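Written out below as structure tokens is the structure these notes cover.
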Amino acid sequence: MEITLKTLIFYGFALMTIGSALAVVTVRNIVHAAFALMVTLFGVAGLYVFLQADFLAATQVIVYVGGILVLILFGVMMTSGRLQMRIHIERGQLLLGGGITIALLMLLLTVIANTPRWKNLSDDGTEFAPTTSRIGELILNEHFLLPFEIASVLLLVALIGAALISRKEVRD
Amino acid sequence: MTLQHYLVISAILFSLGIFAVLTRRNAISILMGIELILNSCNLNFVAFSRFVTPPENIDGQIIAIFGIVLAAAEAAVFLAIILAIYREFGSIRPDEVDTLKG
Amino acid sequence: MDYKNNIESILYFTPEILLIVFAAAVIILDLFVKNRGSQKVAYLSLIGLGFTLVAILITNSTIADGPLSLFWGMIRLDKFAVFFKVLLVLATAATILFSLRSEELDERLKGEYHALLLAVTLGMFLMASSTNLLMIFISLETVSLTSYILAGFLTHSPRSSEAAFKYITYGAVASGTMLFGLSLLFGMTGTGDLAEISQRLPEVLAAGDVTGLGLLISITFILAGIGYKIASVPFHMWSPDVYEGAPIPITAFLSVASKAAGFALFLRFFYSGFQDEGILQTVDWGFLLAVVSALTMTIGNLAALPQQNVKRLLAYSSISHGGYLLMGGVLLTPEGLGAILFYLVVYLFMNLGAFYVVVLIANESGSEMIESYRGLSSRAPLVAVAMFIFLFSLTGIPPFAGFFGKWLLFTAVISKGLYWLAFIGLLNSVVSLYYYARIIKAMYFESPDEDESFSFSNSTFALLSVFVIPTIFIGILNILYNFSDKITL
Amino acid sequence: MVVLLISIILLAPLTAFAIHALLGLAKQGFPRQDILSTFAMLVAFICSILLFWQIAPDPKPHTIDWISLGSITFSMGFYLDSVTVIMLIVVTLVSSLVHIFSIGYMHGDPRYPRFFAFLSLFSFSMLFLVVSDNLLGIYIGWELVGLCSYLLIGFWFEKDSAADACKKAFLTTRVGDVGMFVGMMMLFTRFKTLSLYDGADAGIFTLVEGLSGTGDMIWLSIAGVLIFCGAVGKSAQVPLHTWLPDAMEGPTPVSALIHAATMVAAGVYLTARMFPILTTSSSLVIAYVGGITAIVAATIAIVRFDIKRVLAYSTVSQLGFMMLAIGVGSYVAGLFHLTTHAFFKALLFLGSGSVIHAFHAMHSHHDEEHSDDGEHDHGLIHEHGSEIPPDQDMRNMGGLRRKMPLTFITMLIATLSISGVPFIFSGFWSKDKILGGVLERAMEWNSIHHYILFVVALIAAGITAFYMFRLIFMTFFGVPQNQEMHEMAHESPWVMTVPLLVLAFLSIPVVNPLWFNKDYVKPPEQHHIHAPEHAQVLPDSKTRNSDFSFAFLGVSDAHAAEGEEDGHAADAHHAHSPAHSIAMILSIIVAGVGILLSWLFYHKRRFSAEAVSTAFRPVYNLFWNKYYFDEFYDGVLVALTVWKSRLFAQFDGSIVDGIVNGVGTVTRDVFAAFTGFFDNSVVDGLVNRIAEITWAAGGRIRRLQTGAIQTYLFVVVGGIVLIILIFRVL
Amino acid sequence: MLLSLMIFVPLLGMVVVLLLPRESEELIKRVTLLFTFIPLILAVYLFIAYDRSSISSQYMVNISWIEKFNINYHVGIDGLSVTLILLTALLGPICVIASWRNIEKGIKAYMALFLMLETGMLGFFAALDLFLFYVFFELTLLPMYFLIGVWGGPRREYAAIKFFLYTLFGSVLMLVAMIAVYLTSGDPGSRTFDIPTLITLASTEGHALNDLNFQIWVFLGFFIGFAVKVPIFPFHTWLPDAHVEAPTAISVILAGVLLKMGTYGLVRINMAMFPLGLDRFTNGSDFWGYSLALLGFINIVYGSFCALAQTDFKKLVAYSSIGHMGFVILGLAARNDTGVSGAILQMFNHGVISAMLFLLVGVLYDRAHHREINGFGGLGNKMPIYTGITTLAFMASLGLPGLSGFVGEALALLGAYAKYKTLTILSTIGIVIGAAYFLWTLQRVFLGALNPDYEDIPEINGREILTLVPLGILTIVLGVFPHIVIDMFSVSVTELTKVMGTFEANL
């Protein structure tokens, strides 16, 4: 594979994603972790761009970075206000968790490396049409109408539930 | 930039997510780990959609979109529950929320 | 099979739509109900479930010629789905009726509570009928999210909050893992449609495009999601804590409906997607699940032995029953399927009945511990009789239905030649007797701490008899044995 | 007619018993029930006499099918030949007399009716045993008499010694019975029938002929010896004789009837009945057992002071003689001695009963409370003869001949008879016949075994004379040893003395009708008796040459001039063999010596018994302690049994459970090695153990359920990894 | 229909009892007595009307029950079952009478459970469908569990659950075997649970059920199930506990009927259906048969010795039951007419005798409130009638000829000797030990000087005598005329031994 700018940028994104994700799981300060997570999410969005999933990349940024991450930060504020922002970890747990994680990763990498179907599928650089309209079609008119509707129910439920549970006092 | 690149990134993300979930003694960190996991899944779907399925088929992307939606919903509920826990237990350390056991 | 498009499908989707409509209606009605003691919301929910049931039966009549694939193959309407929907409606109705009696629940949150119950029922309907990876995941998440909320429904109850917290943490990890597995499966076959997967997977396997390890990992990851729903080892650990912390009606609901829906998903997924010989040769998931089921029932039973909290005890017991059910699931035979379905019906009645008694006793004595059952035979003889019927049915003692259910399961298992599994299962029945008998012992052999007898209303007994009568007669009477013949996957 | 008569004989006592039982159950008993039993026995006696004329020349059993099982049928029935009739008459006669005697002797006992109920039941059982034509029937009667013996020995059950004795009697005889049962099983398995005689199908005696020379002789010998085991138990042969002396705890009439005349003789009867299947080896075993019993019991009897114990050992000894007779093939002699012994021994017991009664009545005067009190004089009892009730202790007696002349005379007659005083007493004839038979067999086969047995028997006969006269001298002669008791002693009432007189009369052969008829009893063919190989086989004796039929009844045919039959006119036959003449002379000599010594020791006091016993202390100790049989049984067998059962119970509690425990412990330890901790709770009980293991496992699983969600997640992820790895490896 | 009526009358009685008000105890007792008396009358009628010469089952009812699995409500009686049905029906009213005064609390529930128990037992003996058979088998567990657990002695909970767990463990193995048989009986659709059909199939050459290995395994499955019930060493440890804790009437049922269920099952299923399971194993070595005989022997000796070591009267009787059931096993192991007939007769007789023994223990316990054998003494003086009846029962139990216990034992031994000489001879030790412990007990309780504590002990009363007299009469009558019972089943037994195919030693 020749090294092009595109490749370099790809690797940059990849490193950014992985590196920040590593930070998410290692740094001891919860706010730092949240920011690292933001970087990761951006990185993933960038990878989506490389995969020519433009709509998805946008969604990723808006929903994750704009929504979820803010939510997480709120959570951090509301729960860690009086306490240290340090994340508690324990050595034994870390080692055991690390071991299991590495085992899992090894298994996954073995599969990825050994599955013929997934080999030698390189990005040939073909440009695809923007996906947004197609996605709209599929979701609103075709195959994915039902999931869409159900997802809306789901969101409603989550809304009600989150409100129900998080509020301090029930109404009188 | 082969499929395997993406898959490896995704696998690493997944593993890190799992690692976070297992080792971070903080409910919000666990949530972050879960987000990493879900992201890795989405990345997988998109990558497969790009490389495995025919170009016009973007089912994978759509699944990923739903994945994001669900992640958001889950995060919302999760945080709500974390708040409730914080209210009841004064802590969001998962190892301190252990009155139910045995 | 033709896929029905969205418009064509809507009519067949009436039961689910009714659920959504009534969920909304419940919330709206709740706004207008000022009287705290009013049960209007609950009755509306019950009415909604009644309508849904009718609608289900009507849709059932439309599939006489064969199953239908709705919404471009997202879900499937077949006898199997109809069976589970009926079962789920019954379970939900029972849960609502329990909730009427339960004194734990905040009366001011009735609207949300019932709306959530209806919503979770919807999710379960979809779990029973999904045929697409995306639908599977969404329906699972719907059920899960709603369940988290329901488990944490009790305000100012640390136990309830803790239950919700554990549930969601566990559930999120499990479903995330499952989603990863689904993505791998998607990557191997290039499709999300279960029917297509079942076609393509053997092809790619045969072509050597996919390794066994990949398939195994994919299946195992997916199993994490399904296994957590049906609480099978090693994905069972949430359930005792959650069952103990959640409100009792919700515990009952989770132990029956959620488990049933999980089994529906499990069966549809594995039976229709992975039944191919080639797949089985690559990954003998049948054997894998046989081991899992043996472990599940054993661990569930063993852990139940020392329990002092009846609710928690029943949680473990329901884990072990998940193991029994799973046993039928690994067989891939019509007998196995029929046995599971029959057992689910039986299990519905006996387990819900047992939980109902727990509700009653918790209301009267304010405790869920075994001690509070002391001398129940003299304090509330009828309830004690009902409880012993449920418990012995759960153990699998004739003439109660539980025995017949188990008998069907074991027959199916043995007909497949899995003697060892049947043997372990039966030994577990013996072990289970021990802890069920502890409750019986408290009820019958020990004298009460107080002599004052419990008083229950007639409607209580009426509801109790709704569970008792089927528990006695389903097995003895030859009425339900043939229904599963028409149900295939 | 035969069936009718036998039915009456059997039903009369049975009916009496049933009426007693019903009255007792209804709490309606009354004292005069004695008449019922006595009458029933007299009826039976008369019928037995009538049967005398009903003996068919070629008897067939009268049977009915009792149990039919497919190919097998067990029948029940009667068989009537001369031996049966003799036994019937002896049993009914003695029984009747004992009934009558008991009316006097048991008078005033609170359980008086019950005593007669048991006597009736006993009579029925004994008669049933006698008339049965098959082993099963014999066995049934056999056990029933055992039961009655048990009930009657323990009649005064308030006495611990009686309670002990009855249990001992039943158990000891049961040991023998089990042997008999095993023998029956062997025969049954081989012949598929337990009938002895040919009825519709061939009986054992016919079938056994087929075995001759088939190499099954060892088998048959074992079977024969096993059947004989039953007789060893019942007839109190060594080594199962110890119960009989203890059985004297029962009322004296019981001792007379059951433990002298009838039940203990049943063993002899059985052995005689089974005569045709006895082989050379089994016969020799029987002969030895008989001989040893005769001498052992006789020596023990010398040193007893309890009048009833002396008689008991005497009985054992005499039974040994009978067994010896049968063992050497002197079948007729054995049965002959049985009948004579029945009368004179019953007489001796009743006489001793009369003496005891005399003393006993005296005690009653002292102590008005008779029997309601558990501590009355029957309560002062002894373990193994170490303590003797005063009314039975010969050292308290002496000089009674004037006080109780009738008792004295009758007992003297019986003693002369048992001692073998020649010619006018029945015992002489029968004992002589036995001795002659042994010697004849010895000479015939030139067998060292039989010579030894002859010497043993001869010595035993001499000792018999010695100790019997010792009894007479100590009781009736000399000066009263206990003046107070002596003063009170008196002759017994007529109901007691009349039976004594009748029996005394019967002990004189001249008046005894049973052995008038020469050739009356003829031995059956003994198919399997062959001279031992080392023995010099003499020309076939006449026992076997004339008649091969199975008829027990000697149809008075001219050939039946065997040397061994009939006692009264025996002289004529002695010519056939020098053995009988030698035996007769020797037996007269030893009897004389015995009596003389006894006279010198106990009447003239020429020698001191004490001095002799001191001089031969070890021997005396051996005799005094009855060869330590009881000690041996108590110390070894009983202890072993109890110990074993304790062990078993222990086993149940600890071993069976212990195995499970062990398995459990190993499991637990292995488990613990992984988990690092376990509880050391003590456990017992199989279920408890399993339950505990299970519980422990449950507890361990519980402990895994820490309550911390990340533990659970570890299990999830770890589970996933493990599943994958394991299935990859698989 | 008569048979079904008999089976379900007690169940009907249970419903009636449950509808009666809790307070009217006398009425409840009378109704129960009535509803246990009806089966007795019917059973006696069946006993009389039964055609003794026919080998086929009589009074058959065959109604489809669960069509899908070809399960039928198939009941019928043959000589073997009618005998045990008579026994069950006889003990029913006796136990009700025995419970008349002894049950202090919850008489209504007690009687209802008792009636349910009776239905279970009667149904078990009449069932000709394997599934039905199993259901009835288990149906006896529930009431038994409660009857011991609620109305039992101080350690009743332990005893009840032990009993339940043991039996359930056994029956679970039985269930596996049963399902295996069902599945092997034919192709889907033609599978059957019908016992006569299965017996035919199992003896059909070439049928899958006729396979040697299959039969051995299935035999073992059923065997363990029944062995727990019998109980055969080492599955016996529940029995002493259950007996000691159970109330008198329940002990009677337990020893009288429930133990027989085990041996009945052995005959009905193991011996009749899977004769190969016991047949010559390899090269003429009779491994399995010998093992069975060995177990019988162990039971006899072990039970007897354990009984000898007991000081608790009831435990002694319980262990004696173990010993006596050993004779049944030994007789069955013989597989010939004599042995099997003896075994079956012994089943019946032991039912009667052990019922008597437990009733007698109960009588004493009601008066003295303890059962310590060494704590009595000299009662013979104060309670002559009781002593008499006890002696009768003891003598019957220790196998005194002329009483019923002897015949069965003797036949079983005679039969067994034909096959297993050494074992049988060794088993006769049990006879001696049996005599030993009974006589010793008799001595310690009744003989000797009166224990002053029992100066005023009342004599056995009329009600108690009423329960004992029928059994006592039966022991005597059957001791003298055993053919009354033997004739009932001798044809069946002949057929059975024919099935077992061991003609060469068919004695």
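By written order: A, B, C, D and E. Residues from 1 in each chain.
As a working rule, a residue touches a chain if its C-beta (ideal position, glycine included) is under 8 Å from a C-beta of that chain, and two chains touch if they have at least 3 such contacts.
Please read all numbers here as calculations on a predicted model, not as lab measurements.
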| item | value |
| --- | --- |
| Steps needed, at minimum, to go from chain C to chain D via contacts | 1 |
| Chain labels contacting chain A and also chain B | C, D |
| Two chains sharing the most contacts, counting C-beta pairs only | A-B |
| Identity of the chain that, by mean CA position, is farthest from chain D | A |
| Central subunit by CA centre of mass proxy | E |
| Centre-of-Cα separation between chain E and chain A, whole angstrom | 71 |
| Rounded Å distance, chain A centre to chain D centre (Cα mean) | 101 |
| Chain B and chain E, separation of their C-alpha mean positions in angstrom | 65 |
| Centre-of-Cα separation between chain C and chain B, whole angstrom | 26 |
| Where chain E touches two or more other chains at once, by residue number | 161, 165 |
| In chain A, residues with contacts to at least two other chains | 93, 96-97, 100-101, 104, 107-108, 117-118, 143-144, 147, 151, 154, 157-158, 161-162, 164-165 |
| Multi-chain contact sites of chain B, meaning residues that touch two or more partners | 7, 14, 17-18, 21-23, 25, 27, 31, 47, 52, 59, 62, 66, 70, 73-74, 77, 81-82, 84, 87, 94, 97-102 |
| Inter-chain touch pairs (all) | A-B, A-C, A-D, B-C, B-D, C-D, C-E, D-E |
| Contact footprint of chain B on chain C as seen in their complex | 133-134, 137-138, 141, 145, 148-149, 152, 156-159, 161-166, 168-169, 172-173, 176-177, 179-180, 182-184, 186-187, 190-192, 240-242, 244-245, 306-307, 312 |
| Touching residues (chain side chain C, partner chain E) in the complex | 377, 392, 395, 397-399, 403, 407, 410-411, 414-415, 419, 422-423, 426-427, 429-430, 433-434, 437, 440-441, 444-445, 478, 481-482, 485 |
| Chain C residues touching chain D - in the complex, by the definition given at the top | 165-166, 169-170, 173-174, 177, 213, 216-217, 220-221, 223-224, 228, 233-235, 237-238, 240-241, 283-284, 288, 292, 299, 301-306, 431, 434 |
| Residues of chain B touching chain A in the complex | 1-9, 11-20, 22-29, 31-33, 35-36, 39, 42-43, 46-47, 49-52, 55, 58-59, 61-62, 64-66, 68-77, 79-84, 86-87, 92-93 |
| Residue ranges of chain D touching chain A (in the complex, touch as defined) | 710, 714, 717-718, 720-721, 724-725 |
